[in-house]
């Protein structure tokens, strides 16, 4: 790539926006041309507007950028949306209608029939839904919205993908232990989390029970036919900073054995690896054989936070097999996933 | 009861032993006649030997008791064992053989065919296995061992009992988020738990998958016929002090509806309530209807830590229903459970 | 007391308001006649308006009370104010002007020259400032405002009081490690406190450096002459739920020795103990001799949270002596302190 | 340097040993030739013997090294000692006597009159004490021991050094809030630290009150004349993983003003910066002007954990000035400090 593509970040001051800014600060393909956020940040220097929560230091060139309003007037080849769902729906449509390609982390449009919901290792072919979206939403010119799934969904589906491909998936039970950063900032009150677990995350379980079926579904003609998988989720908030941990049990269509399951995960590689996308992990699934891994503190940052880490693979006496999966929720589960989607769009010439 | 029964505590200096001491310090039926522990505590004042971890204050009469060796020479009508499993097996047998009734919290003898594994609300009739045990182990005189189940098992089975009785249980999936006190003291290293979850607790899952089948089994002639329930468990250690939280999904034999399930739990009452045992909770199962309860910090101490608190009762798309259950792990899940077993023994004239 | 006095709580839904409600739910002298809070709580049942954060259960009679606006129209002999400082100043004046006696936890009027700032064990005679206040503020009828000091100040000054009396105080250095509940709810964001310490609490250090001088000052004629003590404070927020811990070094006017210092604290008793006020601790200062006490988790609830716990008393190579003091910040440091002030008002016939 | 110098690590399996191994794995001057530890690790692969607690991955070449006994038979130009103090004293002497240069993190020999206690930015000239040590301890050949101070001392003294040089230091009060990793692994029990602060760290305060006087002392003839500074320390353990936070008040000999104090710290640079030692931070003292910094989570890793971060510089009403200092306790405060000492030894031709 001769020249870096200019990109803008919507919702740049929030936790996911900060992660995106961090990841894009030294990206080989993209360079930040605009940082945008809500009215009370507009006009401020980014370093003043963002209550920076990451230990890393930002380049001065970015720290001193003036925060812009979220209006579709940017010199940008790609828009990253880290907006909260209260406002993301309409703003993202405005950008798409104005001809921008929007890679979104928000939940609003994920289940729209003409919006690709994409994990590049799982369903990169769903990007063709962009043509449908552009045809249907006449005003869109070359603009479109593509979505990143929920932070817990991404790591669940990454771990399930090789099983779905090789053995067929029938039923999945998952209990999550999700990190604080998933609730943004200020997010969870310290008094709710010290010496405590919150056994409920508003709106989370339905996402985890439906998004995987779209992700593992098939693009037929101009629509996604959802995978026929029954999923039951129980979502909890625990006292970790980053890294969602999930206990998973699966029922397969074709009987297999533990070693085959394990091998299917270890050997799993896909489009982003083949295309050598800059943010793609070498190994999208890491399998640990120690009895007490993965652990959030020790394993969330492997492959720069872009892999899912599987452990404790064993038989399940109710369904067929069970395991634990861990993944970084604000990197691969949000900012990094959105970025990988954008890299895929470039590599596939949607930009 | 005219005069209090003298009782001794084995393993009195550990966390569960401390809870037992606390619960027995003002008990209407029992009074502590001896505190026993391992060699490095023997001969010390109890307050010096026990690294006391509870905010409550002990009576001076107990603080100044001299710790005894775990040898069957006590003036005691009942022995409470809070011994670690490394030594409990043989010591408890020694006491039973010497004619003492031992109410144990240790795992060693739980699955012995002639040892009753008892939750008084669930299977008080299993106490009759004591006759079998005494007959089989000739030397036992009037002594015997009865066991308390694992701390996670107790709360799971308390919540399952009304479902098993009224609807029949086929399959159960459970993921636990267990408190630090379950590992004793010093137990878990702070560095392993700060900003982390341990997805593994050694030996815990097999207990949770087998003990409920014995507890919900039927005493036929002189043996327990295990309930035919398939259980799959995933056990995790989280950063709470007390209170094990469990997400549970169940498959029932007879189809039911959410309201019937809920009512069966709310209305559940059993032998300890009918006998008005001193440590029995008024309501062994508390059902909370708020979306975000039970929480360990807020709910573990309800009914003085002797109840199981159920919440988030809802349908499960993989099995039939799912819910969350929370219970205090060192009170009902250990010391309080052992004490309630002892009260049941007295009320049923086994002492 | 033949009949309980009706009392109202302003700011009843916040953390301190909840503690007050809890303490007043079964009080021998007072009964709650009204619970008041801000507009978005008015008209709701108390149990719906307050996000109840305490493990204890409330009586149904209080749970079902309808929250009132903070207007001086209550049938109440005493008003407790747990209002935030943003609104407390004016509302408390409105009540005082309307003839109510207001026992306040807010900081607004603490340093007013005609408002008694009181710790009953320290300066109960300052209550006579009420006559000055009533004379000066003509409209006050029998109403007045009396204040409770800052939560860290209370425990610092309780520990300093016997030293000031017996040895004279010249200089004090204090570093606090304050609990999360001091910031209210939602208060501190979990992400700011997990694996972190906040070395700054807005507005806290000036309070800790000035309030003790008024508290330890002398009422002369119609004004308080501040004690001449130089105090330097460094305030930090740590990850405890309740219990402010403070390291303190003092310089005394008369040289002493460690045993005299220790005895002065152990033997300290004062007006509330003499008057047997219902909420008064038997021992306002507890001295622990173990090297590693007091600890917030183990010691904050001693004397029902109404005592200050001192430990690690030793010589200081820069000033004269140093020690650690711990106290419950929302009980004695706030709600319980406000209540003890109200009991003192009753006992001294100001009501 | 043409060829890397072979080095050995004693106590390589502990927390500080792991940090040393990590820092040395890709060092430009040194390469690890041996990893040594106690008997129960000897003969095992390093990755099996060390319960690896750092998120970073080690090179396979190091993971597979076989752990050696701590006997002076290594092919090594430098010995790093991360031994616990129970055994460090004698083992380090054995190595020094056998002709090895030992850069130690242990406390045993720190206050020996002929052992240099060194922070390279503070007292690099004290290295000349090595000649004294070698002359006095005849058997030492070219071997010697040099020591790194206590983890809290290092950051305190780094921050104090420019003040001592420019304004003279008379008295220092310091309260520490120290991280869990300072106690090693398993170290602090989780139950002691959850919702708690430990107001005592065994043996820590005397180190903090004496080591700075040696560090800031003057080498005269063949001995160190201690600086005449009175220091009072109060040490606490809080629930952070890494990063000791300290509140500090100082009394100076020459009166100054806040801006001069601030400038002296910002502009401070010393021998390691001039010599461009590989592990030296560009800025040994970072000054933050925000009111709420430094914070352990956000600031401990600045300059790769090798700097001290100062904030909240302000006047003190008891002494002259006060501030907060934070530093990484296992990097600059231990492993990194020991490594920087070793680099200084090389640069100064002691190797």
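Letters are used for the chains, namely A, B, C and D, taken in the order the chains are written, and counting of residues starts over at 1 for each.
Everything below uses one rule, namely that contacts are C-beta pairs under 8 Å (C-beta built on N, C-alpha and C of every residue); 3 or more make two chains touch, one makes a residue touch a chain.
Being a predicted model, the structure only gives us computed values, none of them experimental.
Enquirer: If you apply the touch rule, which chains end up adjacent to both chain A and chain D?
Expert: Where chain A and chain D share a partner, that partner set is B, C.
Enquirer: Averaging only over C-alpha atoms, locate the centres of chain B and chain C and give their separation in whole Å.
Expert: Roughly 41 Å separates the two chain centres.
Enquirer: Indicate the whole-number Å distance between the mean C-alpha point of chain A and the mean C-alpha point of chain C.
Expert: For chain A versus chain C, the centre distance works out to 48 Å.
Enquirer: For chain A and chain B, let me know how many angstrom lie between their CA-based centres, rounded off.
Expert: Chain A and chain B have C-alpha centres separated by 42 Å.
Enquirer: Can you tell me which residues of chain D touch two or more of the remaining chains?
Expert: 53, 192, 194-195, 239-241, 297-298
Enquirer: With chains as vertices and touches as edges, which is it: line, ring, star, complete or other?
Expert: Drawn as a graph, the chains make a fully connected set, so complete.
Enquirer: Of all residues in chain C, which touch chain B in the complex?
Expert: It comes out as residues 53, 55, 57, 194-195, 297-302.
Enquirer: If you look only at chain B, which of its residues touch chain A in the complex?
Expert: 171-173, 175, 177, 192, 194-200, 202, 209, 230-232, 234, 236, 238-241, 245, 247, 249, 291-298, 311-312, 316-319, 322, 324, 326
Enquirer: Sort out for me which residues of chain C touch chain A in the complex.
Expert: Checking each residue of chain C against chain A gives 53, 180-181, 185-195, 239-241.
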